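Scroll down for the structure; my scribbles are underneath it.
Chain nomenclature is as follows: A, B, C, D, E and F, assigned in order of appearance, with residue numbering initiated at 1 for each chain independently.
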Amino acid sequence: MDNSQTIEKLYGITTATIIAALMKRGIRRAVMKGVMPMVPSTQKCVGPAFTMRNIPIREDKGGAEKLGDPKYPQRVMLETAPAGSIVVMDCMGEPGSAMAGDLMAARLKVRGIAGLVGDGGMRDVTETATIGFPIYCKGPTPYPSTNAFLAHELQCPIACGTVAVYPGDIIVADGDGVVVIPAHLAAEIATESERQEKVEAFCKEKLLEGRPMPGTYPPSEATMREFEEWLKAGH
Amino acid sequence: MDNSQTIEKLYGITTATIIAALMKRGIRRAVMKGVMPMVPSTQKCVGPAFTMRNIPIREDKGGAEKLGDPKYPQRVMLETAPAGSIVVMDCMGEPGSAMAGDLMAARLKVRGIAGLVGDGGMRDVTETATIGFPIYCKGPTPYPSTNAFLAHELQCPIACGTVAVYPGDIIVADGDGVVVIPAHLAAEIATESERQEKVEAFCKEKLLEGRPMPGTYPPSEATMREFEEWLKAGH
Amino acid sequence: MDNSQTIEKLYGITTATIIAALMKRGIRRAVMKGVMPMVPSTQKCVGPAFTMRNIPIREDKGGAEKLGDPKYPQRVMLETAPAGSIVVMDCMGEPGSAMAGDLMAARLKVRGIAGLVGDGGMRDVTETATIGFPIYCKGPTPYPSTNAFLAHELQCPIACGTVAVYPGDIIVADGDGVVVIPAHLAAEIATESERQEKVEAFCKEKLLEGRPMPGTYPPSEATMREFEEWLKAGH
Amino acid sequence: MDNSQTIEKLYGITTATIIAALMKRGIRRAVMKGVMPMVPSTQKCVGPAFTMRNIPIREDKGGAEKLGDPKYPQRVMLETAPAGSIVVMDCMGEPGSAMAGDLMAARLKVRGIAGLVGDGGMRDVTETATIGFPIYCKGPTPYPSTNAFLAHELQCPIACGTVAVYPGDIIVADGDGVVVIPAHLAAEIATESERQEKVEAFCKEKLLEGRPMPGTYPPSEATMREFEEWLKAGH
Amino acid sequence: MDNSQTIEKLYGITTATIIAALMKRGIRRAVMKGVMPMVPSTQKCVGPAFTMRNIPIREDKGGAEKLGDPKYPQRVMLETAPAGSIVVMDCMGEPGSAMAGDLMAARLKVRGIAGLVGDGGMRDVTETATIGFPIYCKGPTPYPSTNAFLAHELQCPIACGTVAVYPGDIIVADGDGVVVIPAHLAAEIATESERQEKVEAFCKEKLLEGRPMPGTYPPSEATMREFEEWLKAGH
Amino acid sequence: MDNSQTIEKLYGITTATIIAALMKRGIRRAVMKGVMPMVPSTQKCVGPAFTMRNIPIREDKGGAEKLGDPKYPQRVMLETAPAGSIVVMDCMGEPGSAMAGDLMAARLKVRGIAGLVGDGGMRDVTETATIGFPIYCKGPTPYPSTNAFLAHELQCPIACGTVAVYPGDIIVADGDGVVVIPAHLAAEIATESERQEKVEAFCKEKLLEGRPMPGTYPPSEATMREFEEWLKAGH
């Protein structure tokens, strides 16, 4: 499936508009709880999910030395996740251990990964922020991943922020949080939402001009006719 | 009651000074828990409360289509809350649904509302922040209000952030959070606190000049005499 | 003990690197939970802990009037904590009361204290941020300390953010949070971590040039030889 | 509306069966969060909701002396809620204040009220348990209602345990928790669920005899034919 | 101070009655949050507080081997807390480590200690329950004390369940939770509450006979005259 | 591996003793957080883990109808988990959905499963308790599994109660909670702990006879000699 057009469209659409479109289709469980931009300057990101499942560390199963093993799933992910994808980590909702630090962020950025999303913490947040790579997480922590996480498996369905993520689902993350679009709905939602964003831009313009909310939004038929004119006028 | 002078004074007074004045009068339950500026750039706001009570949505009672009904309390509020008031929403402490997005914020701003305060979430935070309208909430979420809230009633006593708000109470919100001043105490607290802010400004000046805390703050009698001189000198 | 060199070194080392060094020595309980920079612009701070233990206020034990007593431990702390130290307060994890406001921050700054750290709230955060004094806490609140805290004792072992702090332990606080280095380990960890930071800087440079993670970090023997050359070249 | 038959049926139906029937009708937000039997011996209760809305106490609005005012909504409720109803209190989810103690429980019992349900605490739990009146709450606390609650209004829609309760909705409470049946659905759900309970009783009998789960539950057509025989045989 | 009469009286008074008496005196912060009977069969206990302060364990400060040191404060407490006292432990609110197990409970019981109260967990709860020694805690956990706690100091003011406890304060614990009576108020509260319990017993009798709440409780003057007669009649 | 002797021994050993033995071996992350007996009468259980991983339900992936599919992992588990095993479910820590109800409990019991453990809720708790099958969970809820869980995979490593469980690990669950013993350590820990339980039984006997804690527990050499005599005497 070529997602490139869908993804390009989704860069212009807010997570708020997307979840509304999903709710119209009966899908409510699609926003990650507590997964937010790492810093205020974090950029938006969109892309298909490349998933990684962590399980809790246990002292007899090893720790930091795993990071030196090229077959350790986290290391395999760093080298094999496709450019344009968003790495999504199941960290079991644990904020007290970092899914990555500035070195991993640097590698992900260089490899063309579109973003990193997960329900764990982040370390080196000050240094990582300077790299300009979009990261959504549960907040900062100095603890390394091996304080709580053992990477176990790649590209399987996971839980992240209390919602399901299947490999290939389209992830959209912005200042409101992170929404998961089931892969089979992404194209249709992108198209529908693109128009919805224009409708809302038009309505907002009218509201700022002083129109009352009723009739303006949700738009009445008269407002929609005006909108169509506005569109034709090149907006 | 003409609150305009009181409100003007309160724009120069911090919530920290106000809660201290309330505590002297035996009132401790006056700061909203978890209700904070929507973004770091959120401006201070002061005004009488215009309240709205939500109850939890239930699937048999309708959802998003309510927004198209001009008699829906949330829509009535948008058109009838008086200029200068602060809309305060009882969202039952639920951060996972938005009390408003950028369109509602635009309408509130145009209508001259002084601010929006509530113990729910906000959506479209990036777009809303550009409007320059003061909003205090429990954080961002892409979910619309109809994910969890059904607007039920206007201008009744409500709970917000675990404290009571009565219509007409004076709300003051700044970087420390949101404080509720019972209407009957607002004028006297504004007057008393205005002086207190000056005392603190003087004491801070002295502390930054190197004076020890004891004697400087709380100010000794000698310090208060100096303060009176300082005041007379035109500060 | 002269900590000055150790402290100077630690200003160049992240809390993420320090906790990794502590974990290698079997120490995991060293990062304060929920204690974060008061505002995004908060500067890093490093110094030996000067501790203060609070207990919960009780109405028969007095309140705000304590602040006028020069023998009240909080006031004694303000005048006696040594320049260069970091004041660390045990606030029992309670965010709903402030450990300080802008006046106390002004005094601490003037006295040359290196920072204020504690698991309570902060008031006057907007005004305090302008003073340029590093504060790490659980977030803003307008409530004064005497809403919940009674300062009880200075320079005793305390709990802060669920970890132990002994007087003289070295505190390091940055954008990831706050780490406590046991006094007896501080010098050796500073020296070891200084080198580790250089290794990581080198590895990051290589990663940003496009090298794969395996072999680059953790560094292989070949990478370490390159690193030694890089060091000799004056980095 | 005469609910008596519906209520009698519902005494034989579990909350687990009822929420499943509601979910088939698209209603998911119907189980109170955190509202549980006051003690393990608490009996089941069923009845139409008589609602009471609390708001947070504020020191200038009075406290314990309210209890002596016969017009105080809580006191009016005690004397006017109809026999057979279940008193449901909106306590804003606050467990640290009691919705009632043993004296109120005694009065409710004598008046023929079917039960007391709310998202607040209970005091005098040991003494109250001996009265044999069904109470569902968030747990024990010695604090009286006036520590946090001010009764404000009777028989209005409320939030309780994060779900909506409208006066007249049918409440069913058992060891699993409390479910709210919208009034208009109660009769049909009672009838449908009565049969479902029989199906489950039959299936459980078969499972305990050793049949495999597939085919037995959910029942296959063959199992349903057996069930019909079993029913005819007088079960 | 001879507390024996006061303590005997308090065995007949509920924590609910005591906190109401404290609130009349302006004291609200006196009930431990989350500290409850270890098992449903836990008996009531009353006595003066013998306090122990824990701090968080840190790996360089030792662990389980401390228990073998007779000078370790926890061990000193076991041998020196006076018969009749209630041992109160500051566990920093951490439920995931036990303040004691069945061996410590056995020793405390044999020594005549009146009870053990603290804001930590308990281990061996099944075995400990058979000893018949009153324990109030935050719940069961298999982890030993040395998983999280290092006993640091005896007989100092502490925090427990978010409230202050001073050595010698009178602790009363029952099915509603644990209340702390400041030592200087214990005798007067015991005397006043003893009468209040009789008033309530009389009112409850009348309520169970069918009287309306208004006039019966809070009791009217007429009800109080009846009460006096009832008292004289030997109740 | 024949675990039968190990399992028999472990039925006589508490989780408190086991975690202490694990901690001596450097393993601390082995107790499930918040996973407790379903009801006070829940029996102890011991056995090798048969694991099931859930992921969050999503509306486009189906719901209750899955239960009718014999290939649905949850249904496969019911028919294939070996007698003597303990079914351990990864419910992502979500208490608001049931891992099972009384029908599933009946099937598990009949099939000889030793117990059911998981970090989700349980429904039909009253009816399930009468079956006499050991269940450890996060509490009651009327919601069915398909409210939040989709069974995804069997016999893979999982997270449960924030700790790792690998298929075949030995689970021990009692009134203190649930501990996970890595399979390779089970035999040695069972043997060591069996003796430790005897030592503790002896020490407790002595403590109840009035001996002081120091010297008795941890036992001195003299106490250990007495213990050896006591053992020889047939205890």
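The rule we apply is simple: a contact is a pair of C-beta atoms (placed from the backbone, for glycine too) under 8 Å apart; a residue touches a chain by one contact, two chains touch by 3 or more.
Model, not experiment: these values are computed from the prediction.
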item: Subunit F against subunit E, contact positions shared by both copies (same if over half, else different); value: different
item: Centre-of-Cα separation between subunit E and subunit A, whole angstrom; value: 50
item: Intercentroid distance (Cα basis), subunit E paired with subunit B, Å; value: 40
item: Centre-of-Cα separation between subunit F and subunit D, whole angstrom; value: 32
item: For subunit B, residues contacting two or more additional chains; value: 28, 40
item: Interchain contacts, given as pairs of chains that touch; value: A-B, A-C, A-F, B-C, B-D, C-E, D-E, D-F, E-F
item: Subunit E partner contacts - residues on subunit D that touch it in the complex; value: 39-40, 64, 67-68, 70, 75, 78-79, 96, 98, 101-104, 106-107, 109-110, 123-127, 139-144, 147
item: Residue numbers on subunit A that touch subunit B, as the complex places them; value: 14-16, 18-20, 23-24, 28, 31, 33, 36, 40, 174-177, 179, 200, 203-204, 207-208, 210, 212-214, 217-218
item: Subunit C partner contacts - residues on subunit E that touch it in the complex; value: 25-30, 55-61, 92-94, 150, 152-153, 156-159, 162-164, 182, 184-185
